[in-house]
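Labels for the chains are A, B, C, D and E, by order of writing; each one numbers its residues from 1.
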Amino acid sequence: MIKSSSWLTILGILPLLGAVLISALPKKSELNAKRIALVTTLVIAALTVAMATQFQRDNVDMQFVVSRSWIPSLGINFALGVDGIALVLILLSTLLAPIVVLAGWNEATGGRWSVKTFYILLLILETMMIGVFAATDVFLFYVFFEAMLVPVYFLIGGFGTGARSAAAVKFLLYSLFGGLLMLASIIALYVISGEQGGPTFDIGALSQLQMSSTTQNFLFLGFFIAFAIKAPLWPFHTWLPDAADAATPGTSVLLLGVLDKVGTFGMIRYSLALFPEASKTFTPVILVLAVISIIYGAFMAIGQTDFKRLIAYTSVSHFGFITMGIFAMTSQGISGATLYMFNHGFSTGALFLIAGWMAARRGSSKIGDFGGLQRVTPVMAWVFFFAGMSSLALPGLSTFVSEFLVLVGTYTRYPVAAVIGAFGIVLAALYILIPIQRSLHGPTTPGNESLTDLNVREKIAIAPVVAIILVLGFYPSPLLNVINPAAQHTITKAGFSDPLPTISAKVGK
Amino acid sequence: MINLALEVGKTPAPEAILFWILAPLVLLAALGMLLAKKAVHSAILMAWVMITLAIFYIAQDALFLGIVQIVVYTGAVMMLFLFILMLVGIDSKDSLTETIRGLRPIAILAAVGFGGLLISLIGRSTLGHDEVGLATANEAGNVPALAQLLFSRYVWAFEVISALLITAALGAMVLAYNHRITSRPTQRELSEMRFRTGSLANAAGLPNPGVFALHDAVDVPALLPDGTPAPNSISATLEARGDIIDSRPFQLGEMEEEK
Amino acid sequence: MTSNALVYLIALPLFGAAVLMLAGRRADRRGHILATVLSGGSFLLGLYEFSQMLSRSSENRAVTQKLFSWISVGSFKVDAGLMLDQLSISFVLLITGVGTLIHIYSIAYMSHDLDRRRFFAYLNLFVAAMLLLVLGDSYLNLYVGWEGVGLASYLLIGFWNQKPTYATAAKKAFVANRVGDLGLSLAIMVAFATLGTVSFSGVKENAGQASTAALTAIGILLLVAATGKSAQLPLQAWLGDAMAGPTPVSALIHAATMVTAGVYLITRSNFIFDAAPIAQLAVAIIGAITLLFGAIIGAAKDDIKKALAASTTSQIGYMVLGAGLGPAGYAFAIMHLLAHGFFKAGLFLGAGSVMHGMNNEVNMRRYGGLRKFMPITFATFGAGYLSILGVPPFAGFYSKDRIIEAAFNAGGVRGVLLGSAALLGAAITAFYMTRVVVMTFAGKARWEEEVHPHESPALMWLPMVLIAFGSTFSGFLFTRGDALRNWLAPVVEPVAAREQELLSPALVSILALLLVVVGAGLAVMKYLRQDVPVVAPEDVSIFTRVARRDLLQDDFNEAVFMRPGQHLTYALVDIDEVIIDGAVRGVGRMATGSAGALRTTQTGFVRSYAMWILLGAIGLIAAIWMVTL
Amino acid sequence: MNPANYLYVSAMLFTIGAIGVVVRRNAIVVFMCIELMLNAANLAFVTFARINGNLDGQVMAFFTMVVAACEVVVGLAIIVTIYRSRRSASVDDASLLRR
Amino acid sequence: MLTFTAPTLSYFLLSPILVVLGGALLGVFAEAVLSRESRPSAQLTITLSTLVLALVQVWRIRDESSLSAAMGSVAIDGPAVLLQASVLILAIFSVFLIADQGSFTAMAAAIPGSPEEKESLQRGEKLTEVYPLTLFAVAGMLLFPVATDLLTLFVALEVLSLPLYLMAGLSRRRRLLSQEAALKYFLLGAFSSAFFLFGAAFLYGYSGGLTLSSIYDAVIGGTANSVFLLIGISFLSVGLLFKVGAVPFHAWTPDVYQGAPTPVTAFMAAATKVAAFGAMLRIFYTAFANAYWDWRPFLTVIAIITMAFGSLVAIAQRDIKRMLAYSSIAHAGFLITGVLALNKAGLDATIFYLFAYGIATVGTFGIVTLVRDSSGEVTDLNRWAGLGKRSPFIATAFATFLLAFAGIPLTSGFIGKFTIFSAAYEGGNKGVVVVGVLSSAIAAYFYIRVIVLMFFTDPEEDGTVVVIPSVLTRITIIATFAITIFLGVFPTPLLNFITSMATFIR
């Protein structure tokens, strides 16, 4: 059996091993590269699930902890560990990875570089994704946070379509800018921790620091802006549609599905935990931004003419919900937000994969270029419809649970925000149904008559996504049980508790 | 003014008189150096500044430095300057129009600002002690005392500065020394070259410049028998500097036509 | 009481839906039979549960089944739980009973459609979702079914979505429903925030301690939800377009069951509305306005299905009005709901039968004199017609008159106004329904030559006949000894003794009948005595024109929501591009621009470089000068 | 006499030299102006040596002269090289490198 | 009569400098006696062995700590050893590049375009004087950061500068530009050293002595008001800031970086920065430490302007060498924040940063020497398009260096930035940290633009090729690349070493 402390390290190293294997292949063996990538990601997914079964649900401490001194002179440790929230996000990453490999079996061809390079980058990215969620050392987190940009940058710029290099640069610069602001805050934390008993980057130790409220506010902002850009929150969102538009579908799935979660994950793990007071101070502003994101993203999605951009904007809206849930500081809000992150990964991932397949078949991702697909490619159309329903949070599908939890959790503390945000529900119907009506329904338009339906590989790739969306819609407990203690712990540490029902307050009197 | 006069009057030694005579002169010379159109004038004024400074040094009990200033600076360095000036054009002038837009007014402002601020600052400074004077330090004579310092306390710098001198020599050689790539042609080869190649036009040597009654300067090209000027009769350097006087006005044919 | 069987009520049709969906073309041949059998099985199970329930005392009749813990976060705990009580079972039987009949009907009706399997999958899905709606033991479970039926409705309206207008109609229905759903989800949030629970039992228990304001808020939000699902003002506009779906769908979903879910919701939440008079009044007012609104539109429609759809809106208005009258009206609302379930389903199936025989022609001006060609259809349609008019002893008579009566008895001006509206509605109902019947079955034949009207096959008329029985006799059964009211008693509080009677029941019945006769007479005068032009006359009054345009409901929505929404969208897209992304790019351009400007400091002239150094030095000593001043 | 007067002279000479570097175009004159600045510094050293009563300043001034001589050699070599390539000793003509 | 006591010099402690000077003299001698053909290899051998020997000597004196190595003119302490070692290591790598003689003219005295020049090139002659010049410059650089009196400082400054002025003018191609660079560098360098000297005069006037310790004493217990001190600090700073290329004393940097032969640019960008910042550290941390209230404000302003200006203007550059020059200006700004910190952390961080930056710089310019067309190095950025396709490893290495400059984690540049900013923050300069971070963001833009150009733009068929590097250049690139990555991942050994070593003695 694997030692508890080795789990995370093994998970992190495996993709790199895969990458090394691939790089050792001869130049032309594309198929083997794909196979290795698939096998590696599958093994990692299986191992992650195995690890998850070892997770002690009611233990709020970090688990599978490993801590080695890395740069002792700066107090930096190679420290990994997961709580329920991180575990769920690692699961999301590792489960999505094989799906992306399988779904995008041919998307690496025609890129600027060899197919091998694509999978090497992808596997490196997987390591970074695991690392960024597992890091319990702020410095290590920052390293992963920034280093992650590099493979993504090359994945977008090297294998995307259209204005890929401009989009890649925009993505990179935007993220770098945020990251550097965060770096400034990290530096300050480091110095302050040095003044209060020895420099450290350990999250636990840092959350004990005494800071003046001004300092806290500034440092909070440094972290938060980085996360808001990553998430992306209005008005820091404009890189996302460009990037999602330019990237290959698989990359976009990881971008929207996992990478953006780093932002919202960071808000829970770092913004709330390290700066509870500042979080309180800024909550009104953040809620306003979140609500704007929800509504604005939805409207923007409605106004899009391109599938990929549309999906990107729906994500802006969804991230608004997630952020709102987080800063509601209720257990429902944070649990819901975490679950939302997981679910969004799959539902948006499915949307994007199918949009990618559609675009690959049609040679265009313009909504207007499609029409009547339901008659031509029924399976593809249905899966898209299904994913769309999931995206608009149809009850019975997984996203509903999380969206509703977020709304309920927000309502108990910030009713106005929740009510305005809830209007996103209506807009979601519009932004999903309008493209469905235009591309799947109606008469089959010229150019679409001979599109082929999903092949077996694609069906195999998408089936687990559909299954997860469906199962978690009815039975989210396996995840919620893992998330809940961590979420509760987070709000308790931040000095909050769930608001009681108003009647019990009355009864209490 | 009155204060100035009073101060001059109070000054006990002839140093003050010397100073008040030379200081304005040195400043005027420096200014002149700044303003002189011709480089060579600047150089001459510069030499004057240096000599004056040497006098100042001596007046301030720095006898050795004063001498060195005259010998090294005025004697060697300034000569080097003049030498190079000769090489690159002794009477080349700066044109009066300023090429860089807006530099001149900024420069004047800068001069006033820099100088003004500096003087005002010096005027505001205090050292907290009176002038000590060099009587004690120079007790054994200025030169021995300097030597004492130079060869003990500052011997390391003294050693290191040799590196500087070598560098300078090496640098000058790198930039100026044109080592021969081909072996130097012998007299024989030269004369063969002169007679066997091309026309015999140059066989008798180049014409001499300026062979007229009106002009016999080196900067006037000679006239060939057919009355045309011979540009290769003057030095290439003059030509390059543009210091050539046209020889046409002295052409014979034109004079005849005047009749 | 707990039961382990409840889940199978839902599971059977859900299983059918899943099989039909996933099996694909392989299920084409037998799929419809499987679907029908499963739906029938659900009905039988419902009957079994009903019989079990009858064998228990009224307090113990409700049974529950907890499946698993669905969502549990902090104090927010929702079980996947089902509850079958007297109210639910009424719906279960209606849904599965009528549903099964319509399944049978559809086998024939859809026999020529290539996608019949898909149709049955949707039907099964709908049945399952609707059952979940009425069986859920908490608002959140209800919500799942609530949106589930919306989805099924969307799918079925858009069943022939290759026609763009149908696809649009489906979308419209979904969106309008979503607006209602927003109300429901907000209601659940308010309920949780104030009461700490979202289960029906919990809310009922705690409602007494909550403030009236909170309860009013919940009530109003639930009303919003109901207006969406039940096509009440102001969210009524989708129902007419929903007729794009195949006619059995219109019968089942958009007449008999789904659209009445709003009434179910209000009745189910009686404990909230009873404690929030303002919300209750709002319910009644909405019902009253809608019943008139729908009736007027119905009177102007030439499309038989749209006329019936408008009628549905109107009839649900009655139900909502009834539910808005509080304990006095709940039972009647439900009664009318059940009766309406029969007669409106019958009417729609009849309309479908007519269309079936008329090459899918829906324009009544192209009908006429069909009585001879479709006798059975005429007979069953006639039963439904009489029922909706409220002619005794047809079912509608019992339920509608009670609602009108209860409205009058609501007290004061309110009662008079509500009652009058209901009465007036009855008259208009008579007018438009007579118009439909006359234009379709009486008069001269106006159809085109290639049309050969014929009676529908037995598989279609058999369900119609059975349903006609329902529309004929159900009212009598329900009111016998106040059977339904007593049956529902523990769920909705038994009505208090009547404080006052503005009008006696008999008087109400007479008044209503009188008005019905007037309305019907007018219609007969206009459409039987005169020839009906094949093309709708254009030189009609402004009122007719407005009514034909659905009382401008679409124009209103377009002008108030859609257009501004579109403009807002386009504006936001521009803003995103120009202002927000523009700001981002602007920062970039500013950097590049200032870089370009600063670059010019590098003139290449060594003297200007020296100047920089000199200026730097001046800057330094100027700073010194200042600090030492 | 107050030795500070020498400092004033030194400051003025330094200023004049600095301005000369900026306004003159002939490379040799520019260079001479730099020499003037060095000399101004030397004057300050000598004056301060007198004020402070030790000879370190004079030693420094002495070294400055040596350094200046070396600089002159290197500088003039560079100027001559440039002159040979371009036939111009104007610093303004040496402005190919920019932007 | 004066009695003369013979000075005592600790030759052991001075041995690194003496070895280098000796090597230089040997080089000059070799120049005179050896045949033209045998000079290149002989000179290279002499130079490299000199530098290695000097490095060994530095290692041997690492534990020494003395103020009296040269009658109080030189301090040998931890920072001295670190800085000298850095200079020597960077010099060795630079010499590797210099040895790849394609960059130097064969005959500096020949007029550009003249037959002599062509003839000399055809004969494949080599300009071997570069080696002794380099060694002289190295000697100056070794002395500059250890000098403890103004006189030695000034001499060291000149010893390091004069060879560089000369070397800047020795480019093989585009000689007019190269000579112009030499002229500009020389004139401005001399101009700024005049300021330095004038400042030194005032410091002497203020403290009555030339040593840093006398200034330190005067600051603490002097009777004078601070006017002379301030003038002295300012003007001295002008000279130092000129050498490091801080705004507004930066203007020479892009022109000289562009015009000078690329190996010389590498050498002067890397090693000069170490020497100059080393001296700055020593002066500001020892002599002026207690007057920080006076100099910190203006140095802060300069740091801010420098970071922002360098980062910003680099965006507008079209020439890779100019771009790197502006980048070096920005880095000077970052380094000044380390000086500003005025604490132990700042000292450690600055030394680490200097070394990391120097290594990456040498590597970067090493790669620049490889990208050529038929007429020599190609520095036009647009023609670097598609380099990733032509030569993936070189492009990857270059990208890595750029990422190190940008301060991306897992490169040495990140650790450098992190440590230096945290030191600045600790020193109370929060504003500088924020500006630094923002400048880094701007700077990232132009580094990334080059990466985009190399990897995401299709190559033009314009004859640009990456030449196969010579063994020495290859060693340089690989070694600097490896160090850059290693210091990004495992900086601990070096950081610890620096921390344990770096303490100034007064």
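Quick notes on this structure:
To be clear about the criterion, a residue touches a chain if its C-beta (ideal position, glycine included) is under 8 Å from a C-beta of that chain, and two chains touch if they have at least 3 such contacts.
Computed from a predicted model, the values in this text were never measured in an experiment.
Under the contact definition stated at the top, the chains bordering both chain C and chain D are B, E. Chain closest to the overall centre, judged by the mean of its C-alpha atoms against the mean of all protein C-alpha atoms: A.
A comparison of the D-E and A-C interfaces places the larger number of contacting C-beta pairs at A-C.
The most distant chain from chain D is C, comparing centres defined as mean Cα coordinates. At the far end from chain B, in terms of centres built from Cα atoms, lies C.
Mean C-alpha position of chain A lies 74 Å from that of chain B. Averaging Cα coordinates per chain places chain B and chain C 103 Å apart. One simple way to say how far apart two chains are is to compare their mean CA positions; for chain C and chain E this gives 79 Å. Centre-to-centre spacing of chain B and chain E amounts to 33 Å, using the average Cα coordinate of each chain.
Within chain D, residues 7, 14, 17-19, 21-25, 30-31, 47, 49, 51-54, 56, 59, 63, 67, 70-71, 74, 77-79, 81, 91-92, 94-99 each touch two or more of the remaining chains. Contacts with at least two other chains are made by residues 108-109, 151, 155, 158, 162, 165-166, 169, 183-184, 187, 191, 195, 205, 225, 227, 230-231, 254-255, 445 of chain E.
Among the residues of chain A, none is found touching two or more other chains. Chain pairs that touch one another, listed by label: A-C, A-E, B-C, B-D, B-E, C-D, C-E, D-E.
Chain C meets chain A in the complex at residues 21, 68-76, 80, 140, 143-144, 146-148, 151, 158, 161-164, 167-168, 170-171, 174-175, 178-179, 181-182, 185-186, 188-190, 192-197, 206, 209-211, 214, 568-570, 572-573, 576, 580-581, 583-584. By the touch criterion stated above, chain D contacts chain C in their complex at residues 18-19, 21-25, 30, 91-92, 94-99. Chain E contributes residues 1-2, 4-7, 9, 14, 17, 21, 24-25, 28, 31, 70-74, 107-110, 116, 119-120, 123, 127, 129, 132-133, 136, 139-140, 143, 149, 151-152, 155-156, 158-159, 162-163, 165-166, 169-170, 205-206, 222-225, 227-228, 230-231 to its touches with chain B in the complex.
Against chain B, in their complex, chain D makes its touches with residues 1-9, 11-20, 22-26, 28-29, 31-33, 35-36, 39, 42-43, 46-47, 49-56, 58-59, 61-63, 65-74, 76-81, 83, 87, 89-90, 92. By the touch rule above, chain E contacts chain D in their complex via residues 108-109, 111-112, 150-151, 154-155, 158, 162, 165-166, 169, 175-177, 179-184, 186-187, 190-191, 194-195, 197-198, 200-202, 204-205, 208-210, 254-255, 258-259, 318, 322.
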